[in-house]
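Please read the structure below before turning to the comments.
Order of writing sets the chain letters: A, B, C and D. Residues in each chain are counted from 1.
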Amino acid sequence: MPDDRYFLSLSCRNRPGIVAAVARCLFEAGGNIQEAHQHDDIETGMFFARIGFNFVNGDDLETLRTRFADVAASFDMNWTMRSVSQPLRVLVLVSRFDHCLSDILYRWRIGELNMSIAGIVANYPRETYPHHDFNGTPFDYLPVTRENKAEQEEKLWSIIEERQVDLVILARYMQVLSPELARRLEGRCINIHHSFLPGFKGAKPYHQAHERGVKLIGATAHYVTSDLDEGPIIEQDVERVTHHDTPETLVRKGRDIERRVLARALAWHLDGRVLLNGRKTVVFKD
Amino acid sequence: MPDDRYFLSLSCRNRPGIVAAVARCLFEAGGNIQEAHQHDDIETGMFFARIGFNFVNGDDLETLRTRFADVAASFDMNWTMRSVSQPLRVLVLVSRFDHCLSDILYRWRIGELNMSIAGIVANYPRETYPHHDFNGTPFDYLPVTRENKAEQEEKLWSIIEERQVDLVILARYMQVLSPELARRLEGRCINIHHSFLPGFKGAKPYHQAHERGVKLIGATAHYVTSDLDEGPIIEQDVERVTHHDTPETLVRKGRDIERRVLARALAWHLDGRVLLNGRKTVVFKD
Amino acid sequence: MPDDRYFLSLSCRNRPGIVAAVARCLFEAGGNIQEAHQHDDIETGMFFARIGFNFVNGDDLETLRTRFADVAASFDMNWTMRSVSQPLRVLVLVSRFDHCLSDILYRWRIGELNMSIAGIVANYPRETYPHHDFNGTPFDYLPVTRENKAEQEEKLWSIIEERQVDLVILARYMQVLSPELARRLEGRCINIHHSFLPGFKGAKPYHQAHERGVKLIGATAHYVTSDLDEGPIIEQDVERVTHHDTPETLVRKGRDIERRVLARALAWHLDGRVLLNGRKTVVFKD
Amino acid sequence: MPDDRYFLSLSCRNRPGIVAAVARCLFEAGGNIQEAHQHDDIETGMFFARIGFNFVNGDDLETLRTRFADVAASFDMNWTMRSVSQPLRVLVLVSRFDHCLSDILYRWRIGELNMSIAGIVANYPRETYPHHDFNGTPFDYLPVTRENKAEQEEKLWSIIEERQVDLVILARYMQVLSPELARRLEGRCINIHHSFLPGFKGAKPYHQAHERGVKLIGATAHYVTSDLDEGPIIEQDVERVTHHDTPETLVRKGRDIERRVLARALAWHLDGRVLLNGRKTVVFKD
């Protein structure tokens, strides 16, 4: 179809003239800007932008890309330019609790998530999820123990490489990745942590929250780094709880928060709306 | 001080090249874009933008304004360009309930609101507000009856004209403006309605909400039009209520919603962040 | 298991001594109150309560029920007493959009919803939902046209009667029930309407919301009455939207609100936490 | 007026028959229960309740109190019974930032807060708050340095004793109380901390939040204990922030959260709705 949509995401050191140069390049290549977001980080002096565009007179992404490469070089940009209809390849890692997996699969099926599923990897066997229709998506059972962890991570890495995985989702995957794997997946591995970080890092956050007597519980989607629960935060949300809540009801209420926080972070990443800014993120929401 | 901040707000029919032309003009005049928002309304074909900028080598707003006038003319733009430090002149209208007035005065005093107060007009006498320090701000008592309404509106209009009022705030002013006055103040008169519009228009919305048994109550800040409670919405918010609530407790809980909704709408308007789009608004939040 | 949990929900005209009489009856029958909520409606003079309890020395629900019947009679109560582990029989009605159905099925499977599914009735054929595992739950395809509506409602009523259905869920079922059927199902049929009622009743509420330019959209779960979208509200929630949103993105964002609002209303109804109070509800949340 | 409202708040070890005994005592003394909340803490085995009541045939609080003392003794209760119209005496401590003070004074003036103000104590001089009308409320300037802290706390304690202060509010009072004073004020000193605890304890929480890149900021009202920022939480709330926010805009947005969180906690404490449960609170909201 002639009116395909594209986007350009970029970051570079800030200096006058960036927007003028980018806008002129797009205009001269027949691009029409449909949506634009930018952010100037005063502290770090970095500039971030995402521009959604289409072509007025017939698409010619390759010509634009060639021309834009010169602009990008002159500002020393990190940049990505792609069609919205070219989905990322996503690998979903899951443990026993499948509410986030179930939610992602449903949203993917009805077309909410601009991705293809490269596979599902679980540390529980396939029969743990009897009601899920994986539609032929490869399922790999990789149980992890203290002894075989390095070995299983190698298998996982092979899957990521062979299937050209763009993004890994830890959809309540109850294993901590090794620092090496975390580093290899920098900026392309999203975890959902079941607390409002930085509160209640580590294990059993709902039990910690109950113990502390907080009046709201939350969930946090963040990029995985080698520093546990310290990666750049993409999205967070909370819900009100009361003195009546037990750790068990917090777990139940938390499931709803976790799945919507992860779904938003995932959708934004897939649309090139999340840019890394050191230990933080810039999120250009839809 | 050399690093004054400015903004440009504009709207026009959308066509390729707007951003390139605007960005180039700013760049060539020594402007540095610090913040930028834009919106393309697909239905109406209109384009909206707000650009925050400063000058790299000494401020020269008038030169930029002259140059930009040509760009604006070529795209047939509606536009405003001014210094953030040049405050709008605001007239506050109030009735017996003074929670919004009190809140606005406080925020203004501590520097949250980029405005000067041109006056306070009330249909209750000065002694209704014994605890307020109006700091020498003119206070006009204009009681309104069915008989004197036209006359009092004329006095109000004189105040608006004489004091060069940029914006009128109906801070729980319990009078309906005449269609004529509403039309004269189009786009520069903000009302706070104590319901989540379009639910519960007209009188006693908290009583209506109680009657209907809603589980959330809200407030709506909107530009006043001659069509009661139908003007373009700037901001809304809600709070949870329960079956325990009476109309009286809804009124109490509602006060908090009203004042924060009005304060946000006011702050955004003062910063040129609200653009009219027919019966709707485009709000470029901070 | 010996520590089964029970609840008693009741309403009656308010007068002194109700709590004392109920608490004494429970105490004398060996009941231990674990959770209690009550509400006095000052306007109507009605009293509402829900008491969660277990038995200290062995369960004996029938003895308690017999004794309590006398107390109930003396106060002319409407009341229900049952074991939490005795699930209600629920019939789910659905149209083409299956996000609420999918959500309900998932929650039911993992044990969040204290119900059994008596069947699924759709006005679309079974192949519309290829990825759903209905686990042997009866599926009835009852397409509705103007001509066959009365007839199909008869079939629906037969299903409700034969399967002893306690509760009917309109899980985005895009048909309006006839006034007769609505009346027959009074207090046991929950609908999810995709707007924040009373705003945007009727068809295409997200399009109406977009047209009006509201800054928050919502969903409302309510009991169905013969008066369309006017039934007693059980739960509502909202989410923030912006000028960027189109009717299509409102539909997408709305799905999340709809499913969580319906799920909460359903769970509370199943636990006897929702009591009718004329055109309103009393909701004793967990 | 004959229909004065009263409440009874109590806690004790849970055992069957508490509600029956309390309800019977109230009933026999001519009390009519208007509102009732209770909570059973399964972990600690404690029972908590708050009962709002009036008298059917003329008020006789002293007779009821005498009778109830027997019931309370038999269950070894901690309990309070008083008229809603008998306000607590509150001392407000403040530093340079006066947004919480200003908010409390406004709410108190319009009758939202059931208290009398025993005084305002500041570590800044009176002229710091030129626009505030303290209405003759005693104002004490107690500047605190490392050297005079013990001495000033003694003065503070004298004020508390002499004026029979029931509750101390740290309304953004930027001093840490000594462990001794914190202990003396256990359960009757409320602090507002400008973060969503347990995240960002200690100094400059908005700067910490900015540094970490969280997507929501919050505030926490809690009882002061000798353990800094670790006291029992009464109320929390949050607001969404973005990558555009600087520490300065977080401070501005945070003011709104702080004042509403503190106002709710204060109102609930004044109405006997907050009960201590070890390191946590039970809050029976209105």
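Keep this in mind: contacts are C-beta pairs under 8 Å (C-beta built on N, C-alpha and C of every residue); 3 or more make two chains touch, one makes a residue touch a chain.
Note that the structure is predicted; figures quoted are calculated from it, not measured.
The chain pair with the larger count of C-beta pairs in contact, out of A-D and C-D, is A-D.
Averaging Cα coordinates per chain places chain C and chain D 37 Å apart.
Taking each chain's centre as the mean of its C-alpha atoms, chain A lies 41 Å from chain D.
Counting partner chains per residue, chain A shows two or more touched chains at residues 35, 39, 244.
Taken as a graph of touching chains, this assembly is complete, with every chain in contact with every other. Chain C makes touch with chain D in their complex at residues 16-20, 23-24, 26-27, 30-40, 56.
By the touch rule above, chain D contacts chain B in their complex via residues 35, 99, 102, 106, 109-110, 112, 130-133, 135, 244, 249, 252, 256, 260, 263, 286. Within the complex formed with chain A, the residues of chain D that make contact are 39, 41-42, 196-200, 211-216, 218, 232-238, 242-244, 246, 277, 279-283.
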